[in-house]
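In the two complexes below, chain A is the common chain; its partner is chain B in one and chain C in the other.
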Partner chain A sequence: MAKPSINAKLQDITPYRQQILSQPLAQGISYQEVQDHLANLPRSRFPQTAYNNKGSSPLIQPRGGFSTFEAQLELTKQLYSAGADFIPLTIDSCTRQNQYDTAANLLQRSEEEEKDYLNGYPLITHGYEITRELYRNIDRPISLRHGTPDARLLVEVAIASGITEIEGGGICYCLPYSEGFPLDRSLLYWQYVDRICAEYSTKDAPIHRESFGPLSATLVPPAIAVAIQIIEALLAAEQGVTSFAVSFGQTGSMIQDLATAKVLRKLTRTYLNQFGFKAVQTYLVYHQWMGQFPPQREKAAALIVGSTIISSIISADKVVVKTVNEALGVPAAEVNAEATSTVQYVLERFRYGDIPTESLTSPQIERETALIESETKTILQTIFDLSGDAFWESVFRAFQLGYLDVPFSPHNDNANKLISMRDANGSIRILEKGNVPISDQDAEIEKSLLASKHNKSDKTYQQLLADINIMV
Partner chain B sequence: MSNNVLAKYRIVLGVIGDDIHVVGNRIIQLALEESGFHVFNLRTRNRPEHFCQAALEVNAHAVMVSSLNGEGEYWCSDFRQQFTNIGMGHTLLYVGGNIVVGNRRQEDVVKLFKQYGFDRVYHQKPDISATIADLCKDLKNG
Partner chain C sequence: MSKIRIAIDIGSTVVKIAKIGSNDEIIEQNFYPRDFETGIAKQVESLVDSLDIPLDKNSIQVCSSANGGLRIGIICLTNHFSGTTFRNQVLSAGANPIFVHDLEDDRGNLNPIDILLIGGGIDCEDSPPLEKRLRRFNPDKYHFSSLIYAGNCFYADLFTQLFPDAKVIANPLAEALNSRKSTVFEALRHAYLDDLVFKDGVSELRDSLSKTIHPTPEIVNRGFQRAVFNHSTILITGACVLIDIGGATTDIHYTVEIISTNSESRPSAGTSIARYVFTDLGIVASIDSTILQLRTHPRLYEFLNIILKENIREIYRSLREGEYDPSLEILSYACLFLALDRFSQGQGAGLPIAELGKVSQFILTGGSAQNLNEKMISKIVNLFLENENSHPTVFIDRCYQIWVDGITWPCSPAYTV
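Up next is the complex of A and B:
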């Protein structure tokens, strides 16, 4: 059996790092110099400080990345002024796929024509020195938002740039973002990322890691998302990460959101403690609706307000915000800043206070909580019981066997046997469990809850489309 | 047209650029198949030449290109020309999704992609059944 263990920690990574840093695009990065740069940053640039000083409301995190330095600087200033607690740096999709030449060509074209040909900031192409300038006067943490299965070089450049929060993980940045990137390599490359985050961390200024719970953001049953979040927290803890946020995306059902938050918070702590990682600080992040957004600004604004209130009710530590132009493509800086101030407005005016989430309950919420908890535990126990030398190997095998199965993942290694749909109240139900090892009893509950749905369309694609487009 | 008739029509489908958004692609595949078409799905991360090769290989009647992250504009500018170059200039070319980066006027985007040689342009038109109706009409008019 290969359970999570501190013994899985990579030992001397120096030769490995020299290999990564010998690439021409990493030119100039020196461990000592980066360490000094981080030591000289104000503590307010680190997520742990932001989380420690937060009041009762969730912290606010927009997303955003533009091709050119100038556009990114303008966005950074606007989001800062609008009150974002975390400043985002979203990376373009060429860089995410390690296609640095394409990224460089498209950046050049963007600069020449003053038009965006990239859907994010090509950090590796710009390099760490100029990127530090983006944040010269910023006293809040910078968050790297991407979707990169092999993020070794990207994260080296990010930390060298003074970015202290790294989103991602071997599963959550491979399964939803790549069609063919081998999952085992992604898991190993993210061990490296976790390890260097740990190496650069100090006790009062850790490099913070965050997992990406929404996954494909399309009818993902909560138990699958929760299990994967806990696995990524454990894999990061194995490499010495001490500050970690688990996350999930708005499900489309308030009952399921409340239940998911309860189970995710509780079980993350339980399993970290069980495997000897008591010292790891954990936080809960809530993503506003990650599925198809309504194109009408009024409806989009209403959706953003609704999910802001949910983030408060579930006592999220941070909320990742969307904009009213979500359905229309990459939003302009002004629109992004507007979204940030709207969320701040809602959080300040609809204060939920310090009422523990546990006290907010109903028979439906209790049933949902028990179901997600039972399913998650069964899935995780089955993975812990798989043979293998290391926990990451068990995780890899779990995907090969279809024990973990993410609906609508584009990845070839995903089983695609699990089929999920929404029930009458909008909760995501498992119609066919495929090889996912939930108990027969839980599978029956899922099916019986789904049977309560009256409005059955005649075609499968229409039913799925309606369920996917629930917010449109 | 009935399902039996539609089954003879071969449709090449795929997402262009480094875009990995697969949900719409899956749904379109399912919708086309449920309507009776013979679908060849290239899924994600395709270049124009991948669509050309596939269209040539299966002797496609129509090619449907999608983009959600806006990369369409960069990759599609000589799409029709590339099909003409391989002797497939007669193929119906459709494009849809969020096909340009940023907020641009619908009519400007349609005009741009028609210039690139597409027969139908569905910029931010999520209703796939309208596209399927157009496809049936265009195929019938041959």
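Up next is the complex of A and C:
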């Protein structure tokens, strides 16, 4: 059996680093110089400090990336002024796919024509030295948001730039973002990412890692999202990461959001402790609705307000913010800043306070919590029981066997046998479990809850479409 | 009880025997010319006896590259799904796909092949297009020894009614358009063994010494996978290409993230590591076709300029005019050069286009690689790198570690599903 273990830590990453840093685009990066740079940053630039000093409301994290330095600088200033607690750096899709030449060409065109030809900031092309200048006067953590299966060079450059929060993981940045990038390689490459995050960490200033829980953001059953979050936390902990945030996306059901938050927080701690990773600090991040957004501004604004209140009720440590222009494309800096201000306003005016999430309960929430917990435990135990030499291999095999199955993932390694739908309350239910090893009893509960809504006159795809577009 | 194991590689001309320690390290290895008078079974038994260590069937692993691998023809419903799935499993099993046709293609192919593999579609009861094509299929247009049906299981009975000699195996696509069942892989592995036993007379060897005999390319592929999975002393630091230059063929094994997004041909869905075999590149049996391709290559002078120190112009001229016999060393470099050139352009049936600039490491293994030089290989690789940001490393597997890793690795996750 290949359970998570501290012995799985990559012992000597020197040869891997040499290969990564030998690339001309990594020129100038030196471990000692980067370590000195990090040591000289104010502690407030590190997520752990921000989390430890936060009040009762969630911290606010917008997204955002533009191709040119000037546009990114303007965005950074606007988001800072608007009150963002984490400053985002969203990376363009060419860099995410390791197409650095294309990114460089499109950056050049963007600069020459003063028009954005990239959908994010091409960090590797800009390089770490100029990127440090973006954050010269910033005293809040910078968060790297991307979607890169092989993020080794990107993360080296990011940390050298003074970015202290690295989002992603071998699963969550592969399955939803890539059709063909091999999952096994993504898992191995993220071992390296986790390892260098750990290498650059100090006790009071760790490089923080965050997983991306929404996954495909389309009818993902909470148990699947929770299991994958825990797996990514364990994989990171194996490599020595000590500060980690698990996350999930707004499900579309308040009951399910409350239950998911409870289970995710509880089981992450349980499993980290069980496998000897008690020292890992964990946090909970809530993503505002990640599915199809309403194009109308008033509906989009209402959705943002609603999810902000939920983030407060579930005591999220951070909420990742959407904008009213979500359905229309990459939002302008002003719109992004406006969203940040809106969320800040809602959090201040509708304080939920320090009431523990556990105290907010009802029979429905308890039933939902028990169901998600039971399903998650069964899935994880089945994976822990797989034979193999290493935990990451068990995870890889779990996908091959369909034990982990993310609905609507475009990836070839995903089984796509699990079918999920919404019940009468809007909660996500498992209609067909495929090979996902939930118990027969839990599968029956899922089906019985779904039966409350199931309209036999509709075809499955019609119901699925309606469920996907629930917020539109 | 001894923890020493013995690994044996039976080649067309050489038998390699290695003593393997408990940590899969090579303790000793020796090479012996094939004794065709004695026969392979008796020769190997005698060599094993001379080791004078207690052994049982579980401690002896045998692979063979003799016969050059099975020749397979593939006829599929679609090139994109069943075609790539079949081709991938054929290659992973160490066999050589000679052609891939779709069932609509009525040209035929009269190249002699060992097995004609037919299939396509997922398992579903109602597939009139498949039925129509199967009924129209004319086997007389092909020159094969065995016929295997590996398609939609609901049409297997129809196929055996139409072609009673056909053997039926489970559909590797099953219920999804990606290969989750290694049925073709398993069938060809067994067929290879049967073929080897029949042609090369190793049946007695199988009975007396070993549980099974694997095709050497499969073993190399498995060793490559083991290295990629960080279970080897060979360190893989990123996207990687392994090249095995042989007498009859040149094999490339690669991690699939190097495939260009513009490539029409792709390894089958769900594949992480793939293999391609150039059946016309080799330094002994395929020497004529290798020289022909080299002497007509537009970048011949660039190639010679890398590997030769003097008389480049004269050798260039005489090679172009067919008056020069290259040494085995030059031929080995030529196989590498030609294979990379074709791989970078996707020139070959079913060969994807590789972005060699994404490759972090090139590994060369096999007997022909032993006399090559890392610097020279780097220069040849650089011919195919389009941007200056690429900086791949070159490693020559001088201890045959990939082979040992493959033959001693009990489980290959890709095929344990």
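Rule of thumb we're sticking to: the second predicted complex is superposed on the first by the 468 of 472 C-alpha atoms of A that agree within 3 Å, B and C clash if a C-alpha of one lies under 4 Å from a C-alpha of the other, contacts with A are read in each partner's own complex, and residues count from 1 in each chain.
Note that contacts are C-beta pairs under 8 Å (C-beta built on N, C-alpha and C of every residue); 3 or more make two chains touch, one makes a residue touch a chain.
Just so it is clear, the model here is predicted, and its values are computed rather than measured.
Chemist: Assess the superposed three-chain arrangement around chain A: do chain B and chain C clash, or do they fit?
Modeler: fit
Chemist: Regarding the shared-chain residue A:415, is it in contact with chain B (first), chain C (second), both, or neither?
Modeler: Second partner only.
Chemist: Give one of first, second, both or neither to describe whether A:393 is in contact with chain B, with chain C, with both, or with none.
Modeler: The answer is second: A:393 touches chain C but not chain B.
Chemist: With the two complexes superposed on chain A, say which partner A:177 touches: chain B (first), chain C (second), both, or neither.
Modeler: The answer is first: A:177 touches chain B but not chain C.
Chemist: If we overlay the two complexes on their shared chain A, which of chain B and chain C does A:185 touch? Say first, second, both or neither.
Modeler: Touch status of A:185: second partner only.
Chemist: Could you tell me if A:24 is touching chain B, chain C, both of them or neither one (first, second, both, neither)?
Modeler: second
Chemist: Could you say whether A:119 touches chain B, chain C, both of them, or neither, answering first, second, both or neither?
Modeler: In the superposition, A:119 touches chain B alone.
Chemist: Which partner chains sit in contact with A:466 here, chain B, chain C, both or neither? Use first/second/both/neither.
Modeler: neither
Chemist: For A:327, select first, second, both or neither according to whether it touches chain B, chain C, the two together, or no partner.
Modeler: In the superposition, A:327 touches chain B alone.
Chemist: Just to confirm the geometry: in the superposition, how small does the C-alpha gap between chain B and chain C get, in angstrom?
Modeler: For chain B and chain C in the superposition, the minimum C-alpha gap reads 7 Å.
Chemist: Which residues would you name on chain A as touching chain B in one complex and chain C in the other?
Modeler: 97
Chemist: Across the complex, what residues on chain B touch chain A?
Modeler: Touch residues, chain B against chain A: 17-20, 22-23, 26-27, 30-31, 34, 43-45, 69-71, 74, 98, 100-103, 124, 126, 128.
Chemist: Quick one: in the complex, what on chain A touches chain B?
Modeler: 93-94, 96-97, 99, 102, 106, 116-117, 119, 147, 176-179, 216, 218, 292, 295, 325, 327-330, 332, 408-410, 459-461, 464-465, 468-469, 472
Chemist: What residues of chain A sit close enough to touch chain C in their complex?
Modeler: 15-16, 19-20, 22-25, 97-98, 100-101, 149-150, 152, 180-185, 188-189, 387-390, 393, 396-397, 400-401, 412-413, 415-417
Chemist: Which part of chain C faces chain A closely enough to touch in the complex?
Modeler: Interface residues on the chain C side: 176, 178, 180, 228-231, 235, 237-239, 255-257, 259, 261, 266, 269-273, 358, 360-361, 387-391, 393, 411, 413, 416-417.
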